[in-house]
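There are two complexes below, and they share chain A, which is joined by chain B in the first and by chain C in the second.
Up next is the complex of A and B:
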């Protein structure tokens, strides 16, 4: 009886959160799916009609889609490369004893707390500006011509800006994992004459594998949706050189008012994200049982 | 000899560590320094790092020109509102899942997590249209609702992992002693749960404060919090670097301080308990 009672209470306590999330998920998702089969432009109200897979054909055959897809993958891959390699290096460095360790740790994680619009604007103007930016001044100092970063190398520049913000995330997680590494094992290996490289390869890296996987998966989920940095710096340009899937869908929906093809794009984006999400959820689920 | 090498080693790492730390922090430092310059000095080449006429005028100008505090208030209301509402809904849910788990609990948790994996752009169109039809565009109410729902899975998960660590035996002992549910909550669970709730609160304020996808797409002049308002400085006519820096410094300072305090919880919260 008592358990029945507590179980009902428990159900009652969970229901607001569950119902809200259910509505939040089902309603917009259902609408996205529905719109994706409609010819629907906000500039022509009342003209919407069923078009089957027309929007998908339109969206998927648009050359901009392939460029956006490639840009998305390059952006995610580039940021992952910088943050995972850099984060591992930084975490190992911060884990060594040195003077002012705590302060350096604070300095390193700070970029993560800078809102994306601010970091994008600061990098775009004060650092990367081809005339007055700091990088231009440094280039002059070396006798080089300054580079108009966001015009010439837009995707690379955005990758750098985003990586700067996510490097602390990778560092923090890897550092947390490092701190649970068995010191004695490492000392024993040192005694046996193992060098830094072999300690790293055979002891540190295997220990970090789980944290690294988590970093890769979670960053991928967030990086697939990068938007503000592009919106503020290049607006996807020049041309579509720095348009990713998120920005492309935004442009279809709120700049071209083409609800139908934006919705079809949304479905494509959801499918892409789900490919990663499945692995992540499975991993976290395993952790839940342990 | 050995002590000498450890000392040298420590010195080398101190130099490397500080060099990298300061380099990574530099864009933030540079923003703070520039916020105290005049507009002329802000774009001067060669740039000056310390020896310039320090001024506070940008901090006042930002307010008089663009009503900075209105947007700062929007940020405060939206981040506190969405986090507070989220906690209100999530605490009972996480509680029930941690203390009266059923065979479905794990599935519910995993499903909640999966809603977080949905790319926001996938539901941009319907949310925009719903907002338009219900008059929620450019309102704080609308943003509070969206950000609350967006972060709800993280809030539930974080709370769940904290509540899980409260030993269940204590509850049983209290029940044996005849404690009612109310007493159980006030005297036993609340004191043990407060630290977890506080960390959750902190992390979610940070996430909501910095959120820029929905704030950029759903707000304009009225309800824009700082994350969207700052973007208005990207227009060509808005190239006032000193003022941009002042506005940015004020926008990131409170969150930076909170973030520094919550670095441990951050790992747990953002990895859904997979790394602790």
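Up next is the complex of A and C:
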């Protein structure tokens, strides 16, 4: 494979894929950067002109931006907390031998296959609805006033909806990691006098560290850009109580028709995502080293 | 103190009975080896003693108290696993310290005990390493270190040498024997290798299909095997077990002659045979001889006995070293 000829052939064969990826990534990125320096509103076509950092100033000084930033981080953090803790717990639970294990595992994994818009609608109309919802019916059963979840606790409700969808992913990855835990190590720890809690802390958790890192990294990448669940349930409201950065950009571009400001928001979002990524890799990346 | 008594201990996994019922007495300070072919239930028996499996019926008494339902940690036993079962994310120091930490001892006492164990086992230079950075023999020593710091009443070894290469196995065999001399603690050792059993044991327990075939010192088993199975299992190379007319001449079903109890001659003797393979080890020569009317026999001859494939020789069993077994395989005395 090392001859000049095969190397050239390999380059030739790879080039369409590389070119395609390049075009697919570089062109939108370049256009976003270009638009972000233009005053460009779709309501005033043909009036676009260069404004320097004006769009950035406008976007970053918007009070909604800081709320959206906080909401984004809260949403990511909340979902991670629920899925990692809940996923570990569920994985340990369904790793025990019991009757009907196959069916239960299938059911646990099922939410991951429900698309975000559908699951958000189901939660909104069948579970959290203050009149028709299951939670309202339960509250009535206890003689309590039903909670209008999406109006009173919008961010919390969305966190729950998203966490429900991602819980199976965490469970599945942690379950496979659990299954590769050496039985004799647990028995040795048992003989050494470790109880259930000590075995979990000293044997199971260190063994799971790599899987947990993968879960956190992958989920963070996807959770930074949550959109469908917000769009379908609260549309970012009430006010901007459940608006995250990606929803804010959508609002700028397609509700206010301000392409320049939205593009500046997109660039800010890219920078933020990179800050989060660097932070995460610094914190937990060492777990991935063999 | 480390006296262990098994009373009618049995174990079944579902419908499969692995151990039908075993009675055994292990005295304090003894080195007991469970030996038998694979699948004979010797590891299961060890795990029952350790408490890693629940007994189906019967009782296990440790130092006179009933330990049948006790959790493993409360039994005062330490186990060395076949895979060593070291904790991969902990340093050697932390591995050895783990049982002490679980027992809630203070840091200073732990440090002192771990360091003394490490110096006994030549691990002092490796205390900061992870198990993954150690060789097989060193891992084995860490596993032993983790067992000795607990100062248990008895050590349980589950085929601890089977993952080591041949020369290291001989070394570790010696080290474990020396450890037993210096600690004078009860040790129960499971192996399928009869050489390990013969060289290390005070008492050998020969198991077959979950039943104890015979219990005794290595030489007792060698001299007076209770049945043809024990006779064939103990001793290397294996005893020749002869059936047919030659056995009937001695009024038994099976005639047993050890390879080392046969006189070899090129002039004349009881049986005439042709050499198939001659294995020259230097100190000994093992001859595989095809004898008419008897079958293939293994014979130990002197080391420098120069014989080759196809030569005709004569074999004569030493008269008072012949073992006779009846049709059930039991020894006729």
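Just so it is clear, the second predicted complex is superposed on the first by the 273 of 290 C-alpha atoms of A that agree within 3 Å, B and C clash if a C-alpha of one lies under 4 Å from a C-alpha of the other, contacts with A are read in each partner's own complex, and residues count from 1 in each chain.
Methods note: contacts are C-beta pairs under 8 Å (C-beta built on N, C-alpha and C of every residue); 3 or more make two chains touch, one makes a residue touch a chain.
On a predicted model such as this, the values are computed, not experimentally measured, just so you know.
In the superposed model, A:29 lies in contact with chain B only, and not with chain C.
When the two structures are aligned on the shared chain, A:279 is found in touch with neither chain B nor chain C. Within the superposed three-chain model, A:207 lies in touch with chain C and out of touch with chain B [touch as defined at top]. With both structures placed on the common chain, the touch criterion links A:117 to chain B but leaves chain C unconnected. When the shared chain is aligned, chain B comes close enough to touch A:221, but chain C does not.
In the superposed model, A:194 lies in contact with chain C only, and not with chain B. Within the superposed three-chain model, A:127 lies in touch with chain B and out of touch with chain C [touch as defined at top].
After overlaying the two complexes on the shared chain, residue contacts for A:108 are found with chain B alone; chain C is out of touch. The intersection of chain A residues touching chain B with those touching chain C, taken from the two complexes, is empty. Residues of chain C that touch chain A in their complex: 50-52, 71-73, 77-79, 81-83, 85-90, 98-99, 102-103, 146, 150.
Chain A contributes residues 182, 184-185, 187-194, 198, 202-203, 206-207, 209 to its touches with chain C in the complex.
Within the complex, the chain A residues that touch chain B are 6-7, 9-11, 13-14, 16-18, 20-21, 24-25, 27-29, 31-32, 35, 90, 93-94, 96-101, 103-127, 131-132, 134, 136-137, 140, 164, 167-169, 172-173, 176-177, 210-211, 214, 218, 221, 224-225, 227-228, 231-233, 245-246, 249-250, 253-254, 259, 262-263, 265-267, 269-270, 272-274, 276-277, 280-281, 283-285, 287-289.
Those residues of chain B whose C-beta lies close enough to touch chain A in the complex are 10-11, 13-14, 16-18, 20-22, 24-25, 27-28, 30-31, 34, 42-47, 89-90, 92-93, 95-97, 99-100, 102, 106, 108-110, 112-115, 117-130, 149, 152-153, 156, 181, 206, 209-210, 212-213, 216-217, 226-228, 230-231, 233-234, 239, 241, 244-245, 248, 251-252, 255-256, 258-260, 263-264, 266-267, 270-276.
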